[in-house]
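Shared chain: chain A. Partners: chain B in the first complex, chain C in the second.
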Partner chain A sequence: MRMLSLAIAVTIALAIVSLFIGVSNISLLGLLSASPEERPMQVLLISRIPRTLAIILSGSAMAVAGLVMQMIVRNRFVEPSTAGTTESASLGFLVATLVVPGWPLMGKMLIAAGFALAGTALFLRILRAVPLRDVMLVPLVGIMLGGIVGAVASFIAYRFELLPSLLAWNMGDFSGILRGRYELLWIGFGCAVLAYIAADRFTVAGMGRDFTTNLGLNYQRVMVLGLVIVSLVSATVLVTAGSIPFLGLIIPNLVSLMVGDNMRRTVPWVVVMGAGFVLACDVLGRIIRFPYEIPISVVVGVIGSAVFLYLLLRTRRHA
Partner chain B sequence: MPEAATTLVPAPGLRRIGGLSRPAFVLLVLGALTLISIVCFMVLGAKGSWSFVIPFRGRKLLALCLVAYSVAISTVLFQTVTNNRILTPSIMGFDALYVLLTTATVFFLGVGALTGIDPQLRFGIEIVAMVVFSGLLFRWLFLGEERNLTLLVLVGIVFGILFRSLSQFMQRMLDPNAFQVLQDSFFASFATVDTTLLFIASGVVVLVSLVAMRLAHTFDVLALGRSHAINLGIDYRRTVVIILMLVSVLVAVSTALVGPITFFGLLVATLAHSLVGNSRHCYVLPAAALLAITCLVGGQTILERIFAFDTALSIIIEFLGGIVFIILVLRRAAR
Partner chain C sequence: MKSVLLAALAATVLATSAAVGQDIVVAHAQGETSLTGVPTKVLVQDWATFDNLHALGVVAAGVPASNAPRYLQEAVPADALRIGSLFEPDFEGIAAADADVYFVAARSAEAYGTAKDILPTIDMSLADNADIIGGIEGNLTKLGEIFGLQDKAAELNEALDAKVAEVKAVAEGKGNALVLVTNAGNLGVYGPDSRVAWIHNQLGIPSAMPDVEDGDHGGDGVSFEFVLETNPDWLFVVDRDAGTGESSGAAAALLDNELINQTKAAQAGHIIYLDPQAAYITMHGYTGVMLMLDQVLAGLNG
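== the complex of A and B ==
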């Protein structure tokens, strides 16, 4: 518990740092002396606070989505970007942009979530079709499925001259976040809360179908709940910030190394570490080439793939 | 892992088609197809004077052929050496490594490296760096103890992602002009092949082919697997290292010309193996090369002249290749 409070404190400190980094200089003193209509306060309210909130919400939601996914697939190496979920969501968003351009973002997000759900269900279907003796095969199939869905999306985007937008969605970036452009993420965060409420069910489902049924739980229903949570989170994060690779993979794995696998205990950790990790990466991306920014997906991509490699090669030594 | 090795069919000529053995027949058909697609590429839709069209399209054709040849040969050899039919150099992140090296050159030496230095010289330097780095990486991955194939593939893919992210990272650190120049050269497109490197690239490919030919007698033996190969008197370590070096040079050539394409090699190597019906390299290697040329030149002609989609070929290849890959992986897992 003390460790968790420490982690929370670090995350809050990072959030405060995040508020005060940017081209427009804001100091605490300037804020206190200025009236609410003046520039520093406006920058803070319109740009900095929404951005920081967006980072915290999407970081924690994506990390929880990864955790839920690992529970229901029963494999440590899956997360939305290694199961075709992210790519399906971006295909859905593309289709929504083409077919119903006039819809509000909320509607398009729901279409993206529907595609994400279908893509993930397809992934699970493929996994069920073959007996998988090999843990590594699951993420491999998922990444490839993502590649295929991604190719379909690029082809459609190419035909309708939307390739730049597709590239932009696939490149997670918080620099465009302003007030009014991030609120959808609260839905994703709500899903994370839902995952916490249902945590025990997922822990049980993680023990397998027969075990779950034996305990009197409806396995199918838990699976569907998990899939809906994962798809909604992926879709909300995708349409607001763009995709953030590997986040849902490394955070739950690191947490599981630290505190074990009981989801009731791990969810708070995953939330805090997910938010803290993305905050740290975002701060890094903003100061390393100030005043320019390096998109979050690039920073997380570098760190995330390195940690993923470490996790993969570490398992081998233990196996 | 004996699975790839078992396909050495004792009598490849058992099934004869029109007086020819099956592999010979396949090669003949593929050769004809290649010729047809080359002719179509050169002739279809040509307007204006031939003295312009022929050198203009000829350069493009040569570039496409070089790419096809490099991808096909490097993939087949890589699969032979690693003794499996699923891994390919690009799946293992070879071409991402090349992109990373190119980006790193610009990053550390400045944009001058991209515009100031003679591109041929720069390409030469990049090839050397590529051989050194991939040599280190693959020594570590393949020459140690026998490893689980799926783990290797996954590690390769994640290495690819790491290399790509690192290059993106460095590209973002560059100033916007250099970023634009680099970005353009790394989007795989067969319509806008880079022809400045044609001369040196052809030279490199010929050189690699000569070296490969001197090693040709070892290919079929290596395909039997490590222990058999050693038993049959192959200097395993040395041969494998040389072949992996050749493979990385070929990958550098194809990536420099058109940019990274993940699944093309897998597609042609798989098709070549199943068409030829046995794993003798004297049939598989030419079959794969001819197939690759047919796919690229023919596919580009069809898309460009008939459907007017000029950059879509790489997307279609990724789509088909991804499906083939999943099928291969799942079939292997189901066994």
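== the complex of A and C ==
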């Protein structure tokens, strides 16, 4: 518990740093002496607070989505971007952009979530048909499925000359976040809260179908709940910020190494570390080439792939 | 008698060879290419070169199959061969076309190595972005020589010079500017070495942010806060989504927010949207640049 408080304190510190890093000069003193109409306060309200909130919401929600996915698939190397979910959401958003361009973002997001749901269900369906002996096979199947869905999306985007937009959606970036352009993420965060409420069910489901049924739980219903959570989170994050690779994979794994697999205990950790990790990466992305920005997905990708390799090699050794 | 006959014969030979045209050697970015006579069947893989040919009155027999800028669409002959995308030429179609000359540039410059063995190929790429207007004029002059249209080329160059001078005079003292490129909800800045570098280098409008690194495609990624803090007098906007096909208006919607609306440029109504296809796809074409110069002029006067 003391450890968790410490992690929360670090994340809050990072959030404060995030609030004060940017092109505009905002100092605490300036804020205290400034009237609400002046620029520092305006920038803080319009740009900094929404951006920091967006980072915290999407970081924690993506990490929880990864955790839920790992529980229901029962494989540590699965997360929305290694199960075809992100690519499906992206395809859905593309289709929405083409078919109903005038819809509000909320409607397009729901279409994206629907596609994400279908893509993830397809992934689970394929898994059932594959004899799984190797833990590596599951993410490989997911990555291949993601590749196929991504290829379909690229083809459609190519035909309709939307390739640059597709690339931009798949490149997570918080630089465009302003007040009024991130609020969908609260839905994703709501899903993370839902996952916490249902944590015990997912923990049980993580032990297998028969075990779950023996305990009197409806396995199918738990699976569907998990899928809906994962799809909604992926879609909201994709629509507002773009995809953030590896996040849902490394955070739950690191947490599992630290505190085990009981979801009731791990969810708070996953939320805090997910938010803290993305905050740290975004602050880095803003500092490295100041005043220009490096997209979050590049920073997370570089750091995340290193951690991913560590986790992979570590598992091999202990297997 | 014999000598008279010989002289007559020689005169005839000279006359015919003058009419047919001698070999000319065209020096270009990737070497030299010799052409026999004035080419009649012309293939072009680059919209800027198509734009320049069109301005000179030369009709192309083969054009890129994709990304035709709206402002050039009417100039493309309906029966023109489609010879592949901007990046990937259809070499079989090109070989079968039995054309006299083939122009590549910029995105298709790599095709030169393959194409030069098939037919006379000329690379019209500009050396750098520091002098785009000069580069366009050089290309017009070169094309004028190839097609025997030197007078027309000189005329176009004069018109371009005059337009640049006119806009430059109007821009003087009107303050600095930032060139933004928008791409699916994100912002980038184009600097003095980008594809619209002429705004800074040749119109003399100072960049509000002098040390922008060359943002080739999406520009250097920045936040809205950056634009507010740089606070330029003018904003030039290249809507990259529209430049590559997506419906326009996205950039205006993206820029209509609480931070941008506080900048000097937005408050004075000094946001100028450049023709996205001229800015992003053709970049170095005469008509496209004239179009953008007119847009800048209208914006500055507006």
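Before moving on, here are some points about what is shown:
By definition in this document, the second predicted complex is superposed on the first by the 319 of 319 C-alpha atoms of A that agree within 3 Å, B and C clash if a C-alpha of one lies under 4 Å from a C-alpha of the other, contacts with A are read in each partner's own complex, and residues count from 1 in each chain.
One rule holds in what follows: a contact is a pair of C-beta atoms (placed from the backbone, for glycine too) under 8 Å apart; a residue touches a chain by one contact, two chains touch by 3 or more.
Since this is a predicted model, take the numbers as computed values, not measurements.
When both complexes are overlaid on chain A, chain B and chain C end up clashing with each other. Shared-chain residue A:101: touches chain C; no touch with chain B.
Using the contact criterion defined above for the overlaid structures, shared-chain residue A:295 touches chain B and also reaches chain C.
Applying the stated contact rule after C-alpha superposition, one finds that A:42 touches chain C and leaves chain B untouched. Once chain A of one complex is fitted onto chain A of the other, the partner contacts of A:164 are limited to chain C, with no touch recorded for chain B.
Once the two complexes are overlaid on the shared chain, A:178 sits against chain C while remaining clear of chain B.
Legend: residue contacts after superposition of the two complexes on their common chain; A:22 is shown touching chain C, with no touch to chain B.
Looking at the shared chain after the overlay, A:145 reaches chain B, while chain C stays out of its contact range.
Here chain C runs into chain B after the superposition, and of 113-121, 131-139 or 221-229 the stretch doing so is 113-121.
Overlaid on A, the two complexes show chain B and chain C touching the same residues of chain A, namely 289, 292, 294-295. Interface residues of chain B facing chain A in the complex, by the touch rule stated above, are 147-148, 150-151, 153-155, 157-159, 161-162, 164-166, 168-169, 172-173, 262, 309, 311-312, 315-316, 318-319, 322-323, 325-326, 329-330, 333-334. Across the interface of their complex, chain C is touched by residues 22-24, 39, 42-43, 46-48, 101, 160-165, 167-169, 173, 175-176, 178-181, 289, 291-295 of chain A. Chain contact summary for the complex, chain A toward chain B: residues 77, 126, 129-134, 136-137, 139-141, 143-145, 147-148, 150-152, 154-155, 158-159, 245, 288-289, 292, 294-295, 298-299, 301-302, 305-306, 308-309, 312-313, 316. Of all residues in chain C, only 66-67, 183-187, 189, 213, 220-226, 228-230, 240-241, 244-247, 254, 257-259, 262 touch chain A in the complex they form.
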